[in-house]
Amino acid sequence: MSDGARLRVSDGARPGVTQGRRGFASDNAATVHPLVLESIARANVGHASGYGHDPYTASVELAVAQALGVPDAKVFFVFNGTGANLLSLRAALRPWQAAIVSANAHLHTDEVGAPEAVAGTKLLVGETIEGKLTVEGLTRLIEQPNDEHFVKPGLVSLTQSTELGTLYSLSELASLVEVAHRGGLLVHLDGSRLANAAAALGVGLAEVAAGVDLVSFGATKNGALGCEAVVVLNRSLGEGMLHLRKQTLQLASKMRFLAAQFDALLADQLWLANARHANAMASRLAALVGEIDGVVVSRPPVVNAVFATLPASARARLLEDFDFYEWDASTGEVRWMCAWDTTEADVDEFAAAVRSALS
Amino acid sequence: MSDGARLRVSDGARPGVTQGRRGFASDNAATVHPLVLESIARANVGHASGYGHDPYTASVELAVAQALGVPDAKVFFVFNGTGANLLSLRAALRPWQAAIVSANAHLHTDEVGAPEAVAGTKLLVGETIEGKLTVEGLTRLIEQPNDEHFVKPGLVSLTQSTELGTLYSLSELASLVEVAHRGGLLVHLDGSRLANAAAALGVGLAEVAAGVDLVSFGATKNGALGCEAVVVLNRSLGEGMLHLRKQTLQLASKMRFLAAQFDALLADQLWLANARHANAMASRLAALVGEIDGVVVSRPPVVNAVFATLPASARARLLEDFDFYEWDASTGEVRWMCAWDTTEADVDEFAAAVRSALS
Amino acid sequence: MSDGARLRVSDGARPGVTQGRRGFASDNAATVHPLVLESIARANVGHASGYGHDPYTASVELAVAQALGVPDAKVFFVFNGTGANLLSLRAALRPWQAAIVSANAHLHTDEVGAPEAVAGTKLLVGETIEGKLTVEGLTRLIEQPNDEHFVKPGLVSLTQSTELGTLYSLSELASLVEVAHRGGLLVHLDGSRLANAAAALGVGLAEVAAGVDLVSFGATKNGALGCEAVVVLNRSLGEGMLHLRKQTLQLASKMRFLAAQFDALLADQLWLANARHANAMASRLAALVGEIDGVVVSRPPVVNAVFATLPASARARLLEDFDFYEWDASTGEVRWMCAWDTTEADVDEFAAAVRSALS
Amino acid sequence: MSDGARLRVSDGARPGVTQGRRGFASDNAATVHPLVLESIARANVGHASGYGHDPYTASVELAVAQALGVPDAKVFFVFNGTGANLLSLRAALRPWQAAIVSANAHLHTDEVGAPEAVAGTKLLVGETIEGKLTVEGLTRLIEQPNDEHFVKPGLVSLTQSTELGTLYSLSELASLVEVAHRGGLLVHLDGSRLANAAAALGVGLAEVAAGVDLVSFGATKNGALGCEAVVVLNRSLGEGMLHLRKQTLQLASKMRFLAAQFDALLADQLWLANARHANAMASRLAALVGEIDGVVVSRPPVVNAVFATLPASARARLLEDFDFYEWDASTGEVRWMCAWDTTEADVDEFAAAVRSALS
């Protein structure tokens, strides 16, 4: 199910850019970090060859590759997460191959059938625990008998951190990668929140991406205006990628302004500061609301999302003033997402509103 | 043939963002207009619902519709021109239908087969004069016998201004639209330089788009950072467009920052000032180089491109210092493109360099 | 999982056309009914316009439409079941729409991702009981929140009889059709064994297809050489179908020889005799093996398939002499499929072999 | 333009299977050779594993490979020519690659956009002389500058004999193959009339296919009921082919009956006798009508097609009694196609009718 489907916005006070309020709907409802805008403005001098064929873009591509621990990785800036995921699928799979994903995977639930319609790829949905594919589930899908009547699994896509705000530990990730590679599958990391994952795991980006073949590395939710990167870590992959990026409708003509966004986030590890802060705000929120009678934090926040249940009347009252998603109508579970720009005051005000809605 | 294929950049002085020089390679090598960046910064306050579901984006969509003369037109901001064109094709055509395009159409020569690969659409290439489809050519393609063995023409895409820097007059456009509609075809306008066309024709955007069914309305080459709009003017079209935009990989999560770009360009008709200026710089350049022995302006500049022929040695000398495309190696024709940020001094300096290269 | 994946053929006596033995692997391992071959030979006189534009084909198309109870239904002969299903999806769905199928649906498990790769269609897998979609499962998928991030269900495909050898009763079918239509979905019937279903239900083909919008009507498993028909019962559907059939690679040039196959099967209700016989042979087999210690008939045969469990050693011994599929290795379940040409003697001999394998 | 678009059938005497008359419309309007039907009947004994996994099919696959001179070539029987061509494209090309074809190529003019819609492949149309791609035209398309904005040619498809009834000589073919391979392209042979070509060239099938990478080898027009083969001669190709055939909707369940058709045509070189006869009938017809005042044989018949011009009134009179295509309305050119079953009497009667129509 998609985020949008769950959004219930109050009628009286529809949020928007003119209001300036920060809610808890999504980290993509957040602002652009000022240093990102500054970086864009700094790049806005003179002409630059279009489509990324300028030295500045090349230098930022290199910086991204280095940040992911593979200096000769191929880096392709794209517009959005769905574009990054689709370019990854198209780069990695042949027509008779399928991608294994989790039941909650953005690829499966929030990309309106683009994997099928644009890449022609069938998705095989694996079993999950807490939003994570399991070694057992992956193994089962890899080992099921295959003949010409059924697609051949060619890739597994793991979301880190997951759509449920959970994390694969580095050893879980390593096990899944090993199972996949042993079975002849490539591994794709959907890292729209890779920064939050690295921050939470206390490791660098390179460690989170260790062993995988290609990554959708997200910047938008981490404070960018709108930019992601497909990073091809596996040197045997990447044939035709420039053509494929253009054909997948992801080639920016004024590419330097995508590069500038990653430039800002990599400089002085702004990505890490942003991610840590968002994660910390979620922890703070969970701690505050966890003490309130009637609120149950349903998943311990490990990155920047808090999932909780609370009574319908309280949810309705809160939605009059704040944006957030009702995650599961049947259980009354909501998702409160913190962003790089969520302040302690925002959290405290919101927690107070929760308390008040329940009293 | 694509722009990139023709670009010959000097080795010694590879241009780029760090140098700050303005060349004549493309209007997408240009900078972002400061008012566009300001508009983005102004929109960067507080949270806004993602994916365009915020009131600010809605207000800019309305402004775009009004600018195109159809206040209830449906407006969809997208990332780039290829995205806009592909979304248009996918919205307008059924699987057995083809799009008629000119031999120079960006859809045919510069989108790396995305119409075929992503929309599954066959392109039927019509005869052109000066880069423009003719009524006769269009009629012939519409009237050719059709049965189950051949695609049915469903749409004609006209580029205004064309890839060769030429313009359809309003009456030429009206005739083509009439022929198309009479034949049961929809009309798409590829308007990546719609502003330059309107400025050159001395009419508003609404007049340029009069009678057509859907438009790829470009902002990027007009001073934006990276944004285009698909505008569905025909009220009977547009079913499923929100889904299609997302599936065509063109849905920005932080949509307000695309809206902000159009907001700036529509305010006080900045689009018109930018377009007029770019066009004027091309006129100035053509006038200056037209007087130089050895240079033949091969197409009279009506918008912002100057096409000219000059000897190979002179071309080589110029490319040491300036970026531009060699358009047709066989004839020695080059394309010099002016942008919103090209200055009179740039033009004069370049014309002087041309003179010097030929002396 | 596909049939092929489950097939275990003995090494010593690989079955084949040279042996002349009849096994229990599949009704498509069967022969062509002699009357079908005769019909083909009868049509083999003089030239006929290709691609179905001959009066004989037109007359058989009409006969099929009449058999399905809608004399003005549009009928399109195609090559195989996957072709029929894909043509149906392409005719019925727009790019943002999905097809709801059961977990066992041939479309999902045995068409190697053709729905995704060729039609670009995402499949939504509904809950099933005994291989049948339930009203509850269908309702849940129809009613789930939908926005631009998720495909819109546009069609439900029901297999009659199902891949598990079960049947929707006419009232179950009517309920599902009503739920689908109320939700704005079209209904497709995958009828590769439609004849077996009608025979088992004791009704005509028209009754089985009542209320549905389009049908993949199978002849191959019913005694044809290789032919199916897409029948568009819903008069508002079918735009562009001739083009679509050709584009979906299903247009026979010597079409009269596909028509001749349906001609033979419709004449004197040969389809019904063939289906009844196949069903009866499955009943006979189930009755005979049901009495054998160690054999459990796991699904009561309602059409022409017998599902049973028996010990691994017995299965291995049987596979030395007979073809059949091991359906579920984990439970030891096998599928024994009877065909129009299975004889009582075949059944009795096989039942004796089962008894012997278990003694 | 497709055959169907050009067909003008007389109203009074619409031809069809019930009439038994032989016309000159197409070699796919012809009958099935009796030995082909016999072969099908001979294969119709006992059960055979479906989908080509039976020893008989394997033996015929081997025979086809041997006939094409590459005993370990991979052979895949499919339903029709468009299916064979599409399977070839899908097997040979990656998404960013294009196929070079002639302006008359069946792929381009008679497959209703299937290359684009089903394979996602852009076709690049090369210059032709007498329906044949030239070395110069091919070279130009291969050598044109290529970058990420334009598809990369990956394959050239040559039709032998061509859609205009002409032939590549073996040395022309060898030159084109050399140019293609030197440029990194694969070579596909669209051989729906490969037999006619071999017969006319006086060589074996292996010689005609020498050096090419994969072939659509046609049987339908040569006397089969409906069967073609994709033969992958290049040993480095063919990954995933079984899956691809099924996904391309070309997998017959009762495969033995496709194999049986090739079996009959290869036995005692029936293919050659059929092709020689059809070619001879065209020669006879050309000789007879060439002597008639008012008839100009516009292309000397080298295979089984006669192209001629004659006055409109004569064409109209002829079409009252005989089927054939008006090839080019603007020039009054018609196509008279002979088939394996065209008799000398048919030809003589038709020539007499032509004479009478002109008197």
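All chains are identified by letter, namely A, B, C and D, in their written order; residue positions are counted from 1 within each chain.
The working rule: a contact is a pair of C-beta atoms (placed from the backbone, for glycine too) under 8 Å apart; a residue touches a chain by one contact, two chains touch by 3 or more.
No experiment lies behind these values; they were computed from the predicted model shown.
Here B-C and B-D are compared, and the pair linked by more C-beta contacts is B-D. Chain centres computed from CA atoms place B at the largest separation from subunit C. Separating the CA-averaged centres of subunit B and subunit D is a span of 42 Å.
Averaged C-alpha coordinates give centres for subunit C and subunit D that are 32 Å from one another. The distance from the centre of subunit B to the centre of subunit C, with each centre set as the mean of the Cα atoms, comes to 51 Å.
Multi-chain contact residues of subunit A (touching two or more other chains): 3-4, 51, 95-96, 111-113, 117-118, 120, 147-149, 151, 243, 246-247, 251.
Those residues of subunit D lying in contact with subunit C across their complex are 3-4, 7, 9, 14-23, 25-26, 28-32, 37, 40-41, 43-51, 53-56, 79-83, 86, 111-114, 117-118, 220-221, 225-226, 243, 246-254, 256-258, 323, 339.
Contact residues on subunit A toward subunit D in their complex (touch as defined above): 51, 90, 94-97, 120, 147-149, 151-152, 239-240, 242-247, 251. Residues 1-6, 95-96, 98, 109-113, 115-118, 120-122, 144-151 of subunit C touch subunit A in their complex.
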